[in-house]
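What follows is a structure written as structure tokens; I'll ask about it next.
Letters A, B and C name the chains as they come in the text, with residue numbers starting at 1 for each one.
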Amino acid sequence: MKFKKLFNRIESIKLESVTKSYGDRFAVRDLDLEVRGGELMILIGRSGSGKTTTLRMINRLIEPDSGRVSINGANVEDFDPVRLRRSIGYVIQNIGLLPHLNVSGNIGLILKLEGWDQAKIRERVSELLNFVSLPPKSFMDRYPHQLSGGQQQRIGLARALAMDPPLLLMDEPFGALDPLLRTQLQDEFCKIKKELGKTIVFVTHDINEAFKLGDRVAIMDNASLVQVGTPEELIFEPSNELVSEIVDSKRKYRHMEALKVRDMMQSLDSGYFLEGNMPAEIALRKMVDAGLEVAFVFKESGTVGKIPLNEVLKAGNTGKSLNDISKSLLVFPADASLFEALTQLKEEGESMALVLGGEMPVGLLFSDRVLQGLV
Amino acid sequence: MVISAEILQATLEHFFLAYTALLAGIIVAVPLVLLSLYSERLASLVMKFSNLVQAVPSFAVVAVVVPLIGIGFTPAVIAIMLRVLLPIVKNTYIGLFNVDPALIDSAKGIGLTEFQIIRNVRLPNAYPAIFAGVKFAAILANSIAVLTALIGGGGLGSMIFEGLTNFNTAKILAGTLPVIAIALFLDFSFSVLEHRLTPEYLKNET
Amino acid sequence: MWNGGCLSEIPIINDVLTEVQRVWDTQLLSLRTLEHLYMFTIALFVSILIGIAVGVLIYRSPKLADPVLNGLNVVETIPDVALLVLLLPIFGIGAGPTVAASILYSILPITRNTYTGLANVPREYVEIAEALGLNPGEVLMRVRFPLALPLIAGGIRIAVVFTMGVVTLGGLIAAGGLGAALQNGIQLYDMGTILVTGAWVGLLAVILDGGAGVIENRLKVRYGTWS
């Protein structure tokens, strides 16, 4: 192969005071953003806010007027643009496919230019088609105009993955699809995202898509970056009106204050509760039989302890009882304010709490499930 | 001196021949196109036929006129006319039919009749295409009028062919240069006219 | 072959076939057709090579585009007979000036369409190609050129018609081909020769044009609704 990837892993992508203007209008103004290796960073904002411009400065389709874009610490200007782009996957909305090439021609274009032999290209194309859930046999030889919008979008993704780039740039990849297909592709993408293990910068208009796919979300407005954070941060600590408008917290979370823990908890079966003095080895058998990942015990102090299955395994034959290995667990009354409960969970760095109805445990509260339920 | 009088005479003949034919072509083309506006089938027939005949070499068209009509000025006019008819018809037709359907719909919507639509929407829209067709036809007429000297049309073509048979270079040039001058003049003046006549709102489109 | 079948039983058709046979033999139409197609093929081939090369050239150096296209346009307005005659001093008499004139005429449509086709490839396609990491040469060869092909084919189709027309005129300056038979017919005032040769030339031209049209449409269809 005549070509070596410029990087095999992304440690970080840094944009530092990057500015780009057209005439006297800023497309991107003094923008600072760091994308961490392995995360999926969403860029979201109104039309014309500079998302595409930001994205394209990463693979040098657009050169900034000032500021610096670096990947793993190296300024992208020091890379040959052609080699840089071959090391980065790029997916766009709509007509991303070249109409004169069939599916394998499109996916294999760069491989061919890289001098791969025909058989190897075919093999790789099949592999990629399988990956995006299209049977290679019936799709390889089709032309783009013989494909549905969703199929075209999958091919677009497959093509971006051809060289196995560690970084993917995606500009509203699902933007042109109808809502149903869109959801479908988002779900699939959610699954393959983990398999891919790539760093992804993803532009979207759709806040639901952003929260569904994004590890972190960067909100842009008027050529500037307004706020970057996890979905929870944006929802609970919007830095200004615009952010709360975009994440729609006004409308959707207006009644957060009124919601009780009970409204968002997962109900809990009494089978989860074990005797505190039960030896670990017996508990292990019980848990495995019942298919439990986690169990709870009432402690003498009146508090409740949590015992994950892996802790039970670790304790093994040491003769320890469940009381000895249980971890403390946050407990909320069922009629506590949901908002306060979530805030406390966050402060403690916990993702789960037990909900009590009176004296009885009635449910579990998972912070991530709550967010998903709300969005 | 003798030569220059002869050239002038031939040039006038040439002009007269070419532009009688062009005029005849326009006169025949217009009703043909208008008719086809009322019938899609006739229209597509006209287009197919135009495209077909356009492929036939001019020389063949000019020659075949002889057995069908004979030789002399009139057959020459008819040969030229047959040739220029097609670009005019075709361009006019393209102009009239390549109108945004939404425009036609809205014209119908405000209550224009079929005729008023042709007059006020289709024709103004077709105008640049018709003009291009006529320009092309005028230059073509000049060209074929040379060839029709072979079938007794006279004019500058006769001088060229006489010069060719007698190896008389002066005569050949005396026929050729005015023909070329006419062609360049036509091309130039039509371009100027085109620029003048194109309505402002169409200018930046091309 | 003209004598077989039941069509020849009908007197008029029989007459026509006899006449065709006569003209075909006396005017050596088989030979003329070969000469004709020979000139046609060479002229068209060279026109395509030059036409595309010039089209790519003026696409690469846009400053040249206007002068070159205007120059070719002027050549195009010159009446074909005049152009042939002007080339006589340079190429002598016969096939030389005929092929040269055909080429001069046919370059314009091919060059113009190549240039327009290359320049008007939708921006999106070029951008995605650049984003995938194609260098400028690869964008030209792998994206612009293939996408311009239907238009280039359209230019070649026009060139087919032009070439056919000029090659037929070649008969007037001793280039042979079917034009020579037409010329004979007119000089001998032989109606049969004129009609048969004229019809044969016309048919040949329509077939070649149709063939070019089929290729053009194939390309368009293959690329989808884009045109």
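Descriptive notes on the structure:
Keep in mind that, in the parts below, a contact is a pair of C-beta atoms (placed from the backbone, for glycine too) under 8 Å apart; a residue touches a chain by one contact, two chains touch by 3 or more.
Because the structure is predicted, anything quoted here is derived from the model rather than measured.
Counting C-beta pairs in contact, the pair that comes out ahead of the other among B-C and A-C is B-C. Look at the CA centroids: the one farthest from the centroid of chain B belongs to A. Centroid to centroid, with C-alpha atoms defining each point, chain A and chain B lie 67 Å apart. The centroid of the Cα atoms in chain B and the matching centroid in chain C are 21 Å apart.
The centroid of the Cα atoms in chain A and the matching centroid in chain C are 59 Å apart. Taken residue by residue, chain C touches two or more other chains at no position, since every residue touches fewer.
The residues of chain B lying in touch with chain C in their complex are 52, 54-61, 63-64, 66-67, 139, 142-143, 146-147, 150-151, 157, 160-161, 164, 172, 176, 179-180, 183-184, 186-187. Chain C contributes residues 73-74, 77-82, 85-86, 160-161, 164-165, 167-169, 171-173, 179, 182-183, 185-186, 189, 191, 194-195, 197-199, 201-202, 205-206, 208-210 to its touches with chain B in the complex.
Taken in their complex, chain A has these residues touching chain C: 56, 59, 61, 82-87, 90, 92, 94-96, 98-101, 109-110, 113, 143-146, 159. In the complex of the two chains, the chain C residues touching chain A come out as 122, 124-125, 127-135, 138, 142-143, 146-147, 149, 222-226.
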